[in-house]
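See the structures that follow.
Presented sequentially are two complexes of subunit A, the first with subunit B as partner and the second with subunit C.
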Partner chain A sequence: MKRKLRNKILHRIFIALCLIVALGPIYWMLNTSLKSEAEIYYKIPTLWPEHVTLDSYKYLLTGTNFLNGIKNSLIIAVFVSLFSIFVAYPAAYVLARLQFKGKRVFSKTILFMYLLPTSVLYIPLYIFVARLGLTNNIWGIMLIYPTFTLPYVAWILIPHIASISSTLEEAAYIDGCSKFQTMYRIIFPLALPGIISTTIFAFAMCWGEYLYALVNLISSEVQTFPLVLSGLIFGDMPPWNQLMAGAIMASVPILIIYMLASSSLVGGATAGGVKE
Partner chain B sequence: MNMKKATAMIIAAATLTASVCTGFAAAPVKTTSEDKEITVWIEKVFSDDANAMMEARLQQYQEDTGITVHYEMVSATDFVTMLNAAIEAGSNIPDVVSMDTTKVLNYYPNIPAMDVSGLVNEINEERPYFEASYEGTKIGGVHYYVPYYSSSCMMFVRKDKLEEQGLGIPATWEEVFEAALAVSNPEEDFYGLGMGCGENDDDDENTFRQMIWNAGGYLLDADGAITCEDPAVVDTVDKWAELYKAGAVPEDAVTWDAGGNNGSYLAGRTAIVLNAPTLYNALQAEEYKELLENTVVVAPPVGADNGVYMNFNRGFSIMNACEDVDTASDLIKYLCEKAWYDEYMNGIAPVFAPLFEDELENPTWTEDAVNAEVLKYAQNASGYYGYPVSTIEGRSAAAKHYFTFPVVKAFNQVATGSASAQSALENMKYDLEDFTAMVQ
Partner chain C sequence: MKSKSRKTAANTRFAYKINVPLIVYLCCVLVFPVCWGIYISFTNKTIGGDASFIGLRNYERLLKDPEYIRSIVNTLKFTVISILAKTLLGTAMAMALNVDFKGRNICRALLMIPWTLPNIVVVYNWRWIFDANSGIANHLLKSLGLIDKNLVWFGSAGLAMLTIIIANVWRGTPFFGISILAKLQTISDSYYEAAQIDGANALQRFLYVTLPEIKDVIILSAMMSTIWTINEFETVWLLTGGGPNGSTEVMNVYSYKTAMRSMQLGRGIAVSVLALPVFILLISLLTRRMLPEEEGMQKKRRLGRGRK
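Let's turn to the complex of A and B:
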């Protein structure tokens, strides 16, 4: 009994430590966002603002293009993440379920495409988009982002789909389902937790993306929020409180999506199944 | 949910998003009766008011001339990446951009900006530039940008701390070092000199270079020969390392970035720092009232050999891709028109200083003590990366070398004891040889 209690306490301490490590930076962001510029430079940093001020939030919301940037980021991230799932799911299904020549090469190519660094690709992709006349236009960036979200989503979905029992598919074929119907009516619902989580990650990748947006979105009307935030930096005195306020506000949509999706993730994982 | 319904919803959402997006694409370009247009990218400055003034001026030009001006105010951190992408792609290159000497030299031998010496001479005849700006912004005898204003690096001194020790405001590096040692009290976390040498500290990279020049040491000579192992350079590196080891410089200074020195000053940890006047603006906050009262802002100290300051002039280039050079030149002249220029500079004083001789009689720049010091800096700023090398190849190599922040690296190695001054500077020599070979 004593040992059980001790283990319980140790577990709680471990969880508390993990939470401190995970939430520490977010707490410090919030703390800094509520400070005046002068307080940020105090000799001994204050753990909570001496004088809480919302000036940074006010400035971001009324004195900058931040809200417009959030709107642009939202449109781009929603479109690209949905498009990525739409295209990557069939690709992942084919690579997970079907046997054909060159399957391994296709799988590896998807991984390599994802591993190509942004710094190598941004100029060629800029040239590509410029030739299409789509620079300074969010359509241009929506054309670029799938180059990293598609391989990512496909690569994550392949093992997920592969882990679903093939017995269900066999049963569907016996009941008269075509391959297409099986893919969307049988496997898709079972793969939903994986699809939702990869969609969230694809969304997050687009949401905070900086370099492609930087070179392609020049006008303030089309810029995404990371560009609005980087535009606040002048020289060697960054307005840390405004930057942190922006980071806090930009975290909200992601948090909401995670919270909304979390029930589907659990529910989807336990729904359906077969008795073998 | 029915699968057909789910698929239909996804497609509908994607289509809806796509159709909404069209509404947020770039605004359509308006054309004027004259059907001329020009694209301008301006590097934003620290002040929203100043940026708004610049925007208003560009809009005014459009109204006055009927020429459509597409302008973008781009943050300094993003400017080069955006410009490089446009240049590399060969499309969407703006006609007029903000430029400075280091940027131009970084592009060498493929400088994307035009020779605007004729335009600079025309402006200079109407309204003479300071000699340091007119001559100091020439690259290989050519102006690739029209000098417009100057940033600076001023010395901020805690007069109260120096007065406690019976010391006046230091005017030479020797006096700075003496004062730093006298006022330091590491036990109370107070240090005389706030000069850092973290690996990305571009601010103090410039200050250390200036310190070396002032002592008569140079990384390159006028012909481009590498001279970074000269005794004057070695002695300067050793001198600062001595100060560091003696506790006159904060221990954490070896990890600072460019914000380290001003952060230490605002936190009340240091008595002397060299920084852009953005620090002076920060001191205007109510919380720093007392610190501001105890602060004196002066031009940097001089050395035993000379008093050369680093030139931080910036201006406007006309890009090679510009198809209407006359309009681009006309726009730049419009921005230089005296009445508006003086009003604009008044708005961004003292962070940026004007470059014209007649400003020496402008009360904005003579009656305010800080502004006067900043103007003095601009008037005397003739140093550049690689100073005094005169060849364009040498200057280009030095400018590219600068971006590796080699001087702070050497100071860091010596201060932390990981290398002697000789071996740190020997490594710098090898790096410089590589950069020199790269531009040959």
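Let's turn to the complex of A and C:
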């Protein structure tokens, strides 16, 4: 009995430690964003802001290009994730539902493309986009991002579609529905929870993307928020309160939609995870 | 039998017809640029310059460049240590969350947060935490009495490597944790009960009951994470910039500097092409693991053929 109690206490301590390590840095982010520029450079850091101020948020939103960066990121992420769902859904459908020639090669190719890292792709795609005259243009980035979202969406959707019972589909066939109709009118609505959570993950992948944006977007009016944030850093004493305010503002929307989708996240993590 | 093959033929036609947009898109924007890129790695293409064929010269120069070799060594160091740490911590996290306790669901959701944040946000946060003068890391270590002078985290090779590993591990561990946890929850309690009756202690239960069950998912997570970690760019670029003196310059930072700063596009791609065999090996090992069902079916079919 004593041992059981000891184990219980050790377990709670370990959980508490995990929580501190996971959330401490996030608290520090929030804490810094609420401080004045003078206070962040105090000799002894204050664990709670002496004077809570929203100045850094105000300055970021009015005095910098941040809002424009958020707008660009939003346009790109919404467009690319919706595009990816509509183009990749048929692939997931046929891989989950039909027997056809070359199925294995097809699914292998999709998985291969999903796992292929950006480091292999970013220079060739930079040249490709430059040839099309789309460097420094949002459209150039919107052309590039589906190279990772399309295979990702197709791959992640397969188990969601496969888990839907096939009886409804058979009934639809008997009633004279074509494959096309079954795919969009029967299965699509049933797979909607999975489709929505996959769209969210695709959105998140585009939202914080840095390397492609860094290479392709140069002038301030087309930059996404990661580039605007890194643009704030210059000199020896960067305005960390503003940077952290930007970090908080960029994280909150993602956190909210993740929490909403978290039920499917738990089951789906091993099925493919989210690309880093 | 005949109608079945006719059905498959109809399915085949439908499957490819409906996926024309996807196939065309990926061929144009993924396959074609990669093939073109591989060709360019055999030329002296620069940004804004013309390309002429120079054979294997880019590769020869790379392999003779000590900076390139160092970047590969750094990548290996960074990847191996990060993956080991993420595997150990992720397993521990999963085991702790597999115990039933009050508030378990909320703890699980909170522990996932690092993984959901945009990486750029995480990286800047660590850069601020490890700031030499006003960073909280130095302050905490000082008040614990572990150091008496501020450490210049990004100023020495060992510490700089440690910071990029910490940033990577902090964000990557929940992926391992949640993947392993999903598997742990499928292990039946009766296994543990049986082991306990046989007199197995906690360590033995872990080694002989838990570990064999979660081995596959650990390997899978570790391989996926390895691909992502070798591929890491912004964590290093925005945290240390590859410094001090190139001690944290990983492969991607080297390729970025070569291609975008020195404008040697051809040589920059050659760096990626040299890494390609490693990626292909990892990816094909992964695909084999992630498509096990069909693999089994094929094996059966092959066996059947053999018997005939």
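Throughout what follows, the second predicted complex is superposed on the first by the 213 of 276 C-alpha atoms of A that agree within 3 Å, B and C clash if a C-alpha of one lies under 4 Å from a C-alpha of the other, contacts with A are read in each partner's own complex, and residues count from 1 in each chain.
Rule of thumb we're sticking to: contacts are C-beta pairs under 8 Å (C-beta built on N, C-alpha and C of every residue); 3 or more make two chains touch, one makes a residue touch a chain.
This one's a predicted model, so the numbers in the text were calculated from it and none came from an experiment.
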For A:Ile218, decide between first (touching subunit B), second (touching subunit C), both and neither.
-> first
Pick one for A:Trp139: touches subunit B only (first), subunit C only (second), both, or neither.
-> first
Partner chain(s) touched by A:Tyr41 [first = subunit B, second = subunit C, both, neither] | both
Between subunit B and subunit C, which makes contact with more of the residues in subunit A?
-> C
Between subunit B (first) and subunit C (second), which, if any, makes contact with A:Ile123: first, second, both or neither?
-> both
Which holds for A:Ile9: it touches subunit B only (first), subunit C only (second), both, or neither?
-> neither
Mind working out whether A:Lys179 is in touch with subunit B, subunit C, both or neither, as first, second, both or neither?
-> second
Applying the touch criterion given at the start, work out whether A:Lys71 contacts subunit B, subunit C, both or neither, answering first, second, both or neither.
-> first
Pick one for A:Pro189: touches subunit B only (first), subunit C only (second), both, or neither.
-> first
Answer with first, second, both or neither: which of subunit B and subunit C does A:Ser230 touch in the superposed model?
-> both
Which residues would you name on subunit A as touching subunit B in one complex and subunit C in the other?
-> 41-43, 123, 126-127, 211, 215, 230
Write out the stretch or stretches of subunit C touching subunit A in their complex.
-> 8-9, 11-12, 14-16, 18-19, 21-22, 25-26, 29-30, 32-34, 36-37, 40, 45, 92-93, 96-97, 99, 101, 107-122, 124-126, 128-129, 131, 133-136, 139, 170-172, 174-175, 178-179, 181-183, 217, 220-221, 224-225, 227-228, 230-234, 238, 251-252, 255-256, 259-260, 265, 268-269, 272-273, 275-276, 279, 282-284, 286-287, 290-291, 294, 298
Can you list the residues on subunit A that touch subunit C in the complex?
-> 11-12, 14-15, 18-19, 21-23, 25-26, 28-29, 32, 40-45, 87-88, 90-91, 93-94, 98-104, 106-108, 111-113, 115-121, 123-128, 143-144, 146-147, 150-151, 154, 179-180, 183, 204, 207-208, 210-211, 215, 226, 229-230, 240, 243-244, 247, 250-251, 254-255, 258-259, 262, 265-267, 269-270, 273-276
Sort out for me which residues of subunit A touch subunit B in the complex.
-> 36-39, 41-43, 63, 71-72, 75-76, 78-79, 82-83, 85-86, 122-123, 126-127, 130-131, 135-139, 142, 184-185, 188-189, 211, 214-216, 218-222, 227, 230-238
Of all residues in subunit B, which touch subunit A in the complex?
-> 3, 6-7, 10-11, 13-14, 17-18, 20-22, 24-27, 41, 44-46, 48, 72-78, 81-82, 84-86, 88-92, 189, 203, 258-259, 262-263, 266-269, 275-276, 278-279, 281-282, 285-288
